[in-house]
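Input: structures, listed below.
Look for chain A in each of the two complexes below; its partner is chain B in the first and chain C in the second.
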Partner chain A sequence: MAKKVAFLQGNEAAAQGALYAGCTFFGGYPITPSTEVAEVLSNELPKIGGKFIQMEDEIGAMASVIGASLTGAKVLTATSGPGLSLKQELIGYACIAETPCVIVNVMRGGPSTGMPTGPSQSDVMSAKWGTHGDHPAICLVPASVQELFEETVRAFNLAEKYRTPVMVMPDEIVAHMRERIVFPEPGELEVINRTAPSVPPEQYKPYDTSFGDVPPLAAFGTNYRFHVTGLNKGQDGFPTTKAAWVQAEEERQVRKVEANVDDIVQFEEYLLDDAEVAIVAFGSTSRSARFAVNEARKEGIKAGLFRIKTFWPFPEKQINALAGKVKAIITPEMNLGMCTGVVKGCIDGKAPVHGIFRVDGEPINPGQILEKIKEVK
Partner chain B sequence: MSQRYEIRFSGAGGQGLILAGVIMAEAASIYDGKQAVQSQSYGPEARGGASKSEVIVSDATIDYPKATVVDALLALTQEACDKYSHDLKEGGVLLIDSDLVKNLPKGNFKTVAFPIINTAKNEVGREIVANIVALGAIVALTGVVTKESAEKAVLSRVPEAFLELNKKAFNMGYEKAIAAKA
Partner chain C sequence: MAFDYDKYIRPGKLPHIWCPGCGHGIVMKGLIRAIDTLGLDKNNTAIVSGIGCASRLPGYLDCCTLHTAHGRAAAFATGVKMAKPEMNVILCGGDGDGTAIGGNHFIHACRRNIDMTYIIMNNNIYGMTGGQFSPCTPTGAKASTTPYGNPDPSFDVAQLAIGAGATFVARGTAYHATQIDKLIVEAIQHKGFSVVEILDDCPTTYGRRNKFKSVIEMMNRLKDVAVPVKAAEKMTAEQLQGKIITGVLHKVEKPEYTTEYAKVIERAQK
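And now, the complex of A and B:
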């Protein structure tokens, strides 16, 4: 049977990806340029017995998904820059309470209200450091409509597998553009479900590390009762200030991601085998970069592309190795150097890094990148 | 056609240009089996302001989703024509509403002009289908998608009650563009 195809917008694909992954709850507060995610799910979730709630603001929206997740549901919220700022307090809460949830954040110009309809890539540091304190961070940065579908599915998998919030961050261009998408059949993409407790309710502890770094999470309403708090907590979920335990727990929470970098990090290498100039890019900017690489190759310049698919955890190891093989690295991005700084921080000075930064609401076009390739080759 | 073909629909916010672009891209991608990407750019206002919708069609994978050198430009307002004609290629197609665009950009273009909005209002019967009249014209002038595919794509995107209206608008735009070109 022929597969189902459609000509879909990025945001619509994110919503469809969430449904494929088994999402049954969306709590949100609509904001351009992410509104279509909410729009699609407000239509689709009621049809499958799921719930769609428009909350009073973004803070309430984030609280609603945490609550819904604790009942065992796979949950999603969607927002953009200003909304992400508001959600940050509760994203930290989800990190410490180890509550799986997925946040789609469509990047528009900032700070503050900024440029609501203009593209940007300036929330990638917020994805890691927007909420205070040490915590695990996972952030996926898809570059096409198809990939936005697939990475939303993967975001749910990672959230459930590691009991932590996961962000999917398309820039406005990827979120708003339309492309052909081939819908995966049920079962074609892996769908990971939460590990249920293997002990009876009276023995259950929500943070029992004897089960490993990711303790099973029971669902409220299934006879399992436990305490949830934003304070540092003991195995039973109640607050603790016991120094050694708090230290160990903070480390464990971060370790859930750091010890599993190879499972989480994905990237794509294009024409890098013999490359002398490597472009490191993500999101829609990586598409400009790929275009520029092809043009450069036509002129005999050995250029290649390292496309970041997982921004956090950052592909440090791979980019460090890459820096040892090339003469120069170019980092085009729609912000004033966020990825560039991270790249510089992980390559031990092995290659010069040349940024191309744009924050005027216009995409970085292939011509700009090609010019830089010629300049640094 | 292995090369990119780039079309830009421009005018004011609220004129349905994004939808025109979506239908064009859908015709290419779903019905003609080519690669297509549609993107858009508009201001924060819901109505008015210059607005554009871009469609890239190719036989090969489309990397950069926005226009680089525009092959065909539709301008429904003077503001849009002034703002979005700078990267129209030499010899490219320029389709304008002859009532609304009086100052033409300098350059060697295949300019086609007819009263698009007036055609929708007085000949088709509803100003709201001006975007579909324009789409019919662009389909005729560019030949990037077949007329049949474009018509199918139009009809799959509009509500049942307005099928005939849109069909009429599409065909009227198609015929007028051919007549205006001659």
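And now, the complex of A and C:
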């Protein structure tokens, strides 16, 4: 049977990806340029008996998805820069309470209201450092409509597998462009569900590390009664200020992601085997970079592309190795050097890093990148 | 036979954090009696709170308990109730948590008329942080951040809830302990968003600054200012000056949110 094909907008694909992953609850608040995610799910979720709620504000939207997640539902919210700033309070709550949830954040210009309809890639540091305190961060940065679908499915998988919030961050171009998408058949993409407790209710502890760094999470409204708090907690879920516990729990919450980078981090290498100049790019900018690499190759310049698919955890190991093989790295991005700084931080000075930064609401075009390739080759 | 509170208290979680003379424990006992009267299944009952002294209540109760972030109880609870409408969802917290930082979530939960019960323990102060004025601190009162007297007008929590669309609103006091469970029972039985404001006392951070000589004096104030709804109907405006009306203040039937959303699902599936 022929596969289902459609001409879809990025945000619509994110919503469809969520449904494929088994999302049954969306809590949101309208914000450009992510609103279509909410619109599609307001239409689709009730058809499958799922729930859509438009909350009173961004914080309320984040709160509603965490509450719903604790009943066992797979949950999603969607937002953009200013909304992400507001949601950070409760993203931290989801981190410490270890409640799976997915946040689609469409990157627009900032700070503040910035440029609501202009593309940007300037929320990538917010994805890691936006909420206060030490915490894990997973952030996926898809580059096409197809990939936005697939990475939304993967985001749900990672959220459920690691009991943590996961962000999907398309830039506004990826979120708003329309492309051909081939829908995966049911079962074609892996769908991971939450691990249910294997012990009877009277023995259950919501943060029982005898089950490893990711303890099983029970659901409210079953026979399992437990306590959830945003305070530092012990294995039983109740607040504690015992120094050893707090230290151990904080470290575990970060470790459960950091120790599994090979499972989480995905990237694409394009023409890098013999490359002398490597572009490190993500999102729509990586599409301009690929075009520039092809043009450079036509002119005999050995250029290649390292495309970041998972921004957090950052592909440090791979980029460090890459830096040892090339003469120069170019980092085009729609911000003033966020990815560039991270790249510099993980390559031990092995190669010079040349940034191309644009924050005027215009995409970085292939010509700009090609020019830089010729300059540094 | 004395009422067995232990059936609902989590083993090993007492003593509670509340100061001697604080009314929050009286409210918790009232809530426990209400849960018992209604025979609510602990497995199917979520108790959700924000941040503050009163918001520590859920941790003591052997139910599905969710101690959220400051002011956010109503929004978290809305997620729980929407995702699992068959659950009993009870919120609790203080006046600062509920009407200042959580004011937006509070009024919108009222507006939606979602079937949950919100118990607001109003002690007119931010107790946990040491006695700063709240939206419910009386004008002129002393708080750690109003050393010259409070210039702010204060909220009437019950009127705020009625104005925002809550379909059941009641008020009691920590002094009138035996009335608390009756009000909560009626609130939980009501289909829609119900608010029970309990006038409470904070001897530690409010009483001392405002010349209350003892807890007894604070409790007596609650006794003296409270006028039951029925009695108030027969009183003149002049007689009601300085009094606070207690009992069921507002009860109307309106479409309930999760029931209405079930209809959305029906329409979508046609």
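Please note the rule applied: the second predicted complex is superposed on the first by the 377 of 377 C-alpha atoms of A that agree within 3 Å, B and C clash if a C-alpha of one lies under 4 Å from a C-alpha of the other, contacts with A are read in each partner's own complex, and residues count from 1 in each chain.
By our rule, contacts are C-beta pairs under 8 Å (C-beta built on N, C-alpha and C of every residue); 3 or more make two chains touch, one makes a residue touch a chain.
Every value quoted in this text rests on a predicted model; they were computed, and no experiment measured them.
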item: A:89 touches, of chain B and chain C: first, second, both or neither?; value: second
item: Which superposed partner A:53 touches (first chain B, second chain C, both, neither); value: second
item: Partner chain in contact with A:25 - chain B first, chain C second, else both or neither; value: second
item: First, second, both or neither for A:340, with chain B first and chain C second; value: neither
item: Touched partner set for A:294, first chain B, second chain C, both or neither; value: first
item: Chain B versus chain C as contact partner of A:239, first or second or both or neither; value: second
item: Touched chain A residues, chain B compared with chain C; value: C
item: Those residues of chain A which chain B touches in one complex and chain C touches in the other; value: none
item: Residue ranges of chain A touching chain C (in the complex, touch as defined); value: 24-25, 27, 43, 46-47, 49, 51, 53, 55-57, 59-61, 63-73, 75, 89-90, 93, 220-231, 238-239
item: For the chain B and chain A complex, residues of the former touching the latter; value: 22, 25-26, 29-30, 35-44, 63-66, 68
item: Complex contact set, residues of chain C against chain A; value: 10, 13, 42-44, 46, 48, 51, 58-59, 62-69, 72, 75-84, 86-87, 104-105, 107-108, 261, 264-265, 267-269
item: Chain A - residues contacting chain B, complex; value: 5-7, 32, 116-117, 173, 176-180, 284, 287-288, 290-291, 294, 363, 365-367
